[in-house]
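Letters A, B, C and D mark the chains in the order given here, with residues in each chain numbered from 1 onward.
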């Protein structure tokens, strides 16, 4: 069994702009980086059958989700020439307009960061055991399903 | 002559993480956005002939640069289904590790934002009349040339 | 031998619980699933995957009987 | 008629100035360039583009004589 410590990529509640700013600031000491690409997922107030989504309540199979995030990050480092790669996903309630996903890669040259962030984002949507309960303005709900 | 007011995309000195956080926060009221993609250009401490780049002093043909940024943004809105698109480029001294370019697009669906941010970044590198004097640790310099 | 079962999202809604311990001689994921469908008929409406010890497996995966088995409805991350 | 010339980056370094007004009968960008190369021989080492009133033009572009003409060395934005 692989006993290495797996990073916790799950964040309680929405991801704040301050967290993103701090994360960017921490990379300013890495002067071999030439470009960063950041993807942010934001909860949409979709209208479904006349009702509006006011929040998504995210749940996850925590241990497996963190293992999958770790595998995706490792795969990205093998595929692309990266300096850094980070993944943060919300758990719990995230209101419409708030951020639920933060993918951040950095590289010497921009092409690698562009490709890695996109790859990681698509992999998370396809493989991470994260579940989303879309809560409507009348307190009813439905379960979100990634396409 | 086109007399429309053109936005000033040039920023004095480095682009700060706080500016980026504020820009992200301003988009939280736009609840039709599902994904943002952000590219950040960072000055690298490249070693050239044994000397290390400690900063880039950016200059620009301001009016033309802003016109080009505006044209690139307009072209991106025509090509991709975007909700928002922003460009900020530094002028003046940006030290190694600091940020010189901030491209930020938002869309209902992630694919459009990924493609638009990349398109805008490549267009800026190819078309914007921005010039960069790489300043070495011994105060000598050379002029940066985009590949 | 006791399986530790974990339910998520709409699966947890259908079973009315997030986890439970289950005794019984289930030789494969397929057999376990048949047992759970009898217990929670609503599960039949859900398109779920099964993870054994955090790895997604096929229905013919053989169980030893002491694993952690999770029923995972469609993913919604990102 | 007076051209307003603007120099940037390594062009400004070669000419020793960032802008100047230039009188003279230059019928095309090509002719202007030949005049400037005589004035600033170092320019011959620089691969620059020419913008007339903020639009990049070819060497055969005709000048009226009152334009803003910018000499743009290789771009380095981003």
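Criterion: a residue touches a chain if its C-beta (ideal position, glycine included) is under 8 Å from a C-beta of that chain, and two chains touch if they have at least 3 such contacts.
Just so you know, these numbers come straight off a predicted model, no measurement behind them.
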Smallest number of contact steps required from chain A to reach chain D: 2
Distance between the centres, which are taken as Cα means, of chain C and chain B, whole angstrom: 49
Distance between the centres, which are taken as Cα means, of chain C and chain A, whole angstrom: 26
Chain A and chain B, separation of their C-alpha mean positions in angstrom: 24
Touching two or more other chains - residues of chain B: 41, 110, 121
Multi-partner residues of chain C (at least 2 other chains): 78
Chain pairs that touch, as defined at the top of this document: A-B, A-C, B-D
Residue ranges of chain A touching chain C (in the complex, touch as defined): 41, 56, 58-61, 63-65, 67, 89, 100-101, 121, 124-133, 143-146
Footprint of chain B on chain A - complex, ascending: 17-18, 20-22, 24-25, 27-45, 96-99, 106, 108, 110, 113-114, 117-118, 121
Of chain C, residues touching chain A in the complex: 6, 8-10, 13, 51, 54, 70, 72-78
